[in-house]
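So, here come the structures, one by one.
What follows is a pair of complexes built around chain A, which joins chain B in one and chain C in the other.
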Partner chain A sequence: MIPFDLRFPTTVQEALELLDQYGEEARPMAGGTALVLLMQQRLVTPQVVVSLSRVDGLSSISANGSLRIGALVNHRVVEESPEVKAGWPLLAETYHRVATVRIRNVATVGGGLAHADPNQDPPATLIALNATVTAASSGGKREMPIEDLFKGYYETCLTPDELITELTVPRPVRPLKTAYIKFLPRTADDYATVAVAVALDVADGRCVDARIALNAAGSTPIRARDAENVLRGQPLSDEVFRAAAATVPAIVDPVSDHRGSANYKSRMAEVFVRRALEKATA
Partner chain B sequence: MATSVIGQRAPRTEGAGKVTGQAHYALDVPVAGMVWGKALRSPHPYALIKRVDASKARTMPGVLAVITAKDIRNVLHGRRVYDLPILAENVVRFIGEKIAVVAAEDPAIAEAALDLIEVDYEILDPVLDPLHAMDDDAPVLHPDQRSYTGLPKIPEGQRNAQSYGHWEKGDIEAGFAEADRVFEETYSSAMTHQAHIEPQGGAVWIDDDGIIHVYGHPKNPLGQRKQLAEALDVPEDKVIYEFVRIGGDYGNKGGLMDVPLCYYLSRACGRPVRMTHTFKEEFMAGSPRHPSVIHMRTGVKRDGTITAHQVRSIFDGGAYGAHKPVPNVDVGGARKAGGVYRIPNCKIESYVVYTNHVPGGFMRAPGDSQTIFALESHVDDIARDLGIDPLEFRRKNMIQEGEADATGDVWRDLYWRQCLDAAVAGSNWGKPKPPNVGRGIAITHRHIGEGEAESLIRVDPSGQITVVTGTPDAGMGAHVMEQQIAAAVLTVPLEQVTILPVGSDIMPFDPGLGAGRTTHVSGGAVNAAAEKTRDELRAVVAENRGWPEDDIVLKEGAFHLSGSTEQPVTLGQAAVEAAYGRSGPVEFLARFDGRKVFTELCMAQVAEVEVDPETGQLSILHVSAACDSGTIINPPAAEGQVEGAFVQGVGLAMSEEMILEDGRVTNPSFGDYKIPTAADIPPFTLTWIEDAPGPLPFGGRALAEHGHIPTSPAIANAIRDAVGIRLKSIPFRPEAIYDALQAKNEREPEGR
Partner chain C sequence: MTAHVRFRVNGESHEVDVPEQRLLIDTIRYEVGLTGTKLGCGVGVCGACTVLLDGKMVSTCIMLTAHAEGADILTIEGLAKDGELAPIQKGFLKYGGFQCGICTPGQILAAHALLEYNPHPTEDEIKDWMMGNLCRCTGYYKIIESIEKTAAGEV
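After this line comes the complex of A and B, so read on.
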């Protein structure tokens, strides 16, 4: 690792000022589980690392109305939170599926999102649940749909002086029918070969609304809008699920790697969209 | 003789130190003033080195020493064949080969200094396919091979061979002529890593007498001392391999790796120096299990009688043979290509081939897992294609006591049939099964490690027994085993036996870990020393009292004159008498010779799997295993050996694979090289055949080397049973299963 300067701001404001001051030369660090690996491989070589570990005010969860999760809340806390489990069970389950408990105890929600590895678990679920993220810089704040955050492999729309401060998930009007399936054919601690999240709003046996997204199926998490359109307004049935899943291979763009070829992953994307729909409505 | 401590679930002698973090491994030995060494490694699989300029690194502030090939006596060295230079000088032969090393107090400074070393390369076309390496137009990677010390026998003109093995029996052509059918197939296996949690490393401190203290991985301290002394050209007594704990070995750590470099850096900067592989370095430049390509051709009668069996195995040995510890520089398992079967006409040829990949080393039953995967898959197909039940096929063809195996070896004390039957009994074999579920059998045989060792036992006036041991313990419980044996022979509680591990300077002779020999050979030596202690002290007690020796029994740590009320004599009292009344201890040294063993072990497994036909996902539902353990000295240690090996077998079958592209290992971390987690391990039923006396102390048999061997073929055979496809390469990638199922559905659109 290349030597660097390590700073410990204690407020969001101070952190943002440091990022503003050093620009491209600085990198924020939350849990450090991703950043340190990238630094060891010299894929990123910041001169200044701005540790967020002592920053106040980004470490709480509130569930009055929408769910609001501070950027420094770690994965384990989301997974175990009674509020999250009660109102957004899919979210608790998805964070539970990330890596191992050792990673989840330190990896933060904000760091996970900013890392933007398309193989990660939370993004598809957050898209399915219609979440938004708030980013702040010394110039002010902006809020955006989670889908807009991701631009490519390890690439977000954040500027170097911005921090994610909060994640917001709306409370559904009535409980959604949801499922997250992480296809793990090798070992239980692996990244997904493909993963699918679905959230269906169902009334009287019909799909009123559908949100479907996939991880590990392209350079960003991918929303399966064509599949959603097939479902919307339709009665739930195997034929509809199959028809929805059949639209998926055309919109995914996975890479070939040691988890499988692009073609295999596309096939699996279709299979697991169908299975996730079946699981959500079972 | 009271043997109650044999079979006891005795705790590890070193257990508390390990779980509290106080145990010392190579890198955390507290030596004052220790500094770090870091290595500059080749980024090319094959290139000439035109120039190395380290001058900028030498003058960098904080750098204590820089060493290149020109700065040292850069000999070739190795465990048997000496083909590996300490540092690359004119040529690099794999990505990760070391070119220079730097010492600095801060490892970050040492690393930064590596960036300042300039190397000019002339890049050459690498040899990456072991089959191509053998072709006449392949570049010769070791043009000076014929001059290497320790060169094994290799036929003239055999291009890029590290070693060659050849076994023949009967008349292979006549055997094929006799056959009703001939089956032929090629199998392959991936390069895999031992995945010990402690990466390879070491530390060297040169004291004011010039003694070189090595804190490495002392799995064979006397052997390593000899290797190092030779490589450095110093007398053996100037080197001490100190006793430290070993964080897992699995066959890997018996070489020198970075220890000579620690020495040269230490000499250059006058400070103790340590080096350790990062896991990335461990994957790129460790000494992994050899990948294989194994071709089998077998002739059979319609009734399943084998008439001929021909095998050609090719192992990718990588750039150097130096890490292989056996005289023929091969992977021993290759000769087992006839397995447990009666084969009248057989020909086995095995090549280990030089390529520009990371050099291969030894890992748990080297060669066996590759060879038996091929054989047990092949045999299963033969049985099923002939319409014979695979269990019956094995029962019919399995050799019996006194029969010769495929290479003509005759084994004794066979409990193979019992193992097979017990493994089957512990499984659902033969019961109805749901769709996409299948069951498969595989079986292997395995020798018991041989050798000789000495042990020293000391008895204090207090009666405390100390076993002064040079037996390494890589985590398998060797020391508690020695404690139990000494306690059992001397009829004392475990607490009355202290295990004192010592370094190569004063240890009694020990051959080191390997080949599953520790309980047999090192345990045998402790047994012999304890018996000698007992017998000599009894003689003293007899003489001093005029008791007839034959009437004296040792029980509960004291000599009793049987049938009398005479005061028993404790071991402590006897020791004082043996020392002519001195209050000092007495010592007994004994030797055990376990060089000739004909007992051959067995491990049989039955796997039950389910295949998801839509995705190719494979789930192992259950595995039943049985082996002829004989007497078990320490049950948790025995379970640890077989269950731990089984977990490695699951890894071989399911996920472990060093992926090589253009000579580079592309997944050099445990994030991408996947070993099974606890959640991936299926229910495992293990049956011991304990009523199977063997040559180990108290009638045991070796257990360490074969728990993983049948796992991957048993799973492959279960996959065929489940969905009718044959997978010929490990690990079984889900996509390969998916593709094979697609292909099968195209062939047979109507289903089976």
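After this line comes the complex of A and C, so read on.
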């Protein structure tokens, strides 16, 4: 790794001031599970690394009303949290599906989102659950729907002086019918070939609302709005699920790689949307 | 820029001055001098460099030394007490939980962490927990058996 100057702010304010001061030359580090690798490969070569490991106030979860997760909460804490398991079981399950316990012990929620690798697991679920993310800079705060965060491969809309401080997930009016399916033809700890999250609000056998998103199907997580529109207002049936899934190949844009060709992944995106709908409503 | 870092390794206090970019695995191996922690993939996948940091397993190959400030670190060398192997070590020995041995320190620490967290795991729970520790000899059945038998007290 190229040497850098390592700073340890202890408050969010101090961290933001450092980022403001050093601009493009600085990079925040949370767990470091992604950033250390990028720095070793010299894909990222910051002169100043602002470690968030000693920053106070971003490490708690609260669930009074909406679920609020501080950016420095690690994946393992989310998956194990009794509040998350009770109110947002899909979220607990999805964080459980990330990598291995060893990585989840260190990887933070904020770092995971800012990393913006479209193969990651949490984004599709967070889109399906209508989550928002709060970013702060020394100039102030802004909150955005999670899907607006992602701009491309490893690219977010955050400016160099901004930090993700919090993730918010609304509490559903009634329990949603949900599923997250990760297609893993190689190994259990791999990134998905495609992955799908669905959250359906169902009343009297009809789909009142639907949110569907995919990971590993393009340069960002992708929301399947056409599929959602097919479902909304309809009774739950295999026919409707098939019709919804059939809209998916047209909106995905996967790359060919060792996990499959682009064409194969587009087909699998359709298959896995259908299976996720079946699983959610089984 | 040098980082001054304090931590405990296997109960013993250490203070080191290392370059800020120094990874924890290198500090453990070359400053502390404990070489049971192995470098495998170097990208957090294989688990050979596993140690327990405040009781939680981490990959030391992707962690800055300075991120271990104040931590209590357990390496494979710290598992035996007063010359007596820990139950999980006995289990791996008795049930052949290793072949070439390079992944063994990480496997044993991961298994130890599992049994601390869940003293009676099912086979599926063992697989789910241990999937981050790769064995290129592919001796997985023996590893699972070693953990099951240790949990059952049959060591």
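In this text, the second predicted complex is superposed on the first by the 282 of 282 C-alpha atoms of A that agree within 3 Å, B and C clash if a C-alpha of one lies under 4 Å from a C-alpha of the other, contacts with A are read in each partner's own complex, and residues count from 1 in each chain.
Note that in this section a residue touches a chain if its C-beta (ideal position, glycine included) is under 8 Å from a C-beta of that chain, and two chains touch if they have at least 3 such contacts.
All values reported here derive from a predicted model rather than from experimental measurement.
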item	value
Chain B versus chain C as contact partner of A:Asp189, first or second or both or neither	both
Partner chain in contact with A:Val106 - chain B first, chain C second, else both or neither	second
Residues of chain A touched, compared between chain B and chain C (which is higher)	C
Touching partner for A:Ser261 - first (chain B), second (chain C), both, neither	first
First, second, both or neither for A:Asp5, with chain B first and chain C second	second
Contacts of A:Ser51 with chain B and chain C, given as first, second, both or neither	second
A:Thr33 touches, of chain B and chain C: first, second, both or neither?	second
Shared chain A contacts, counted only where both chain B and chain C touch the same residue	1-3, 37, 100, 187-189
Parts of chain C lying in touch with chain A, wherever the complex brings them together	1, 3, 19-21, 23, 42-45, 47, 50, 56-59, 62-64, 66-67, 69, 110, 113, 127-129, 131-132
Chain B partner contacts - residues on chain A that touch it in the complex	1-3, 37, 100, 183, 185-190, 193, 258, 260-261, 264, 267-268, 271
Complex interface listing, chain B residues touching chain A	108, 111-112, 614-618, 654-655, 657, 659, 666-667, 671-672, 674-677, 679-680, 733-735, 738-739
Contact footprint of chain C on chain A as seen in their complex	1-6, 8, 29, 32-33, 36-37, 39-40, 49, 51, 53-54, 76, 99-103, 105-106, 187-189
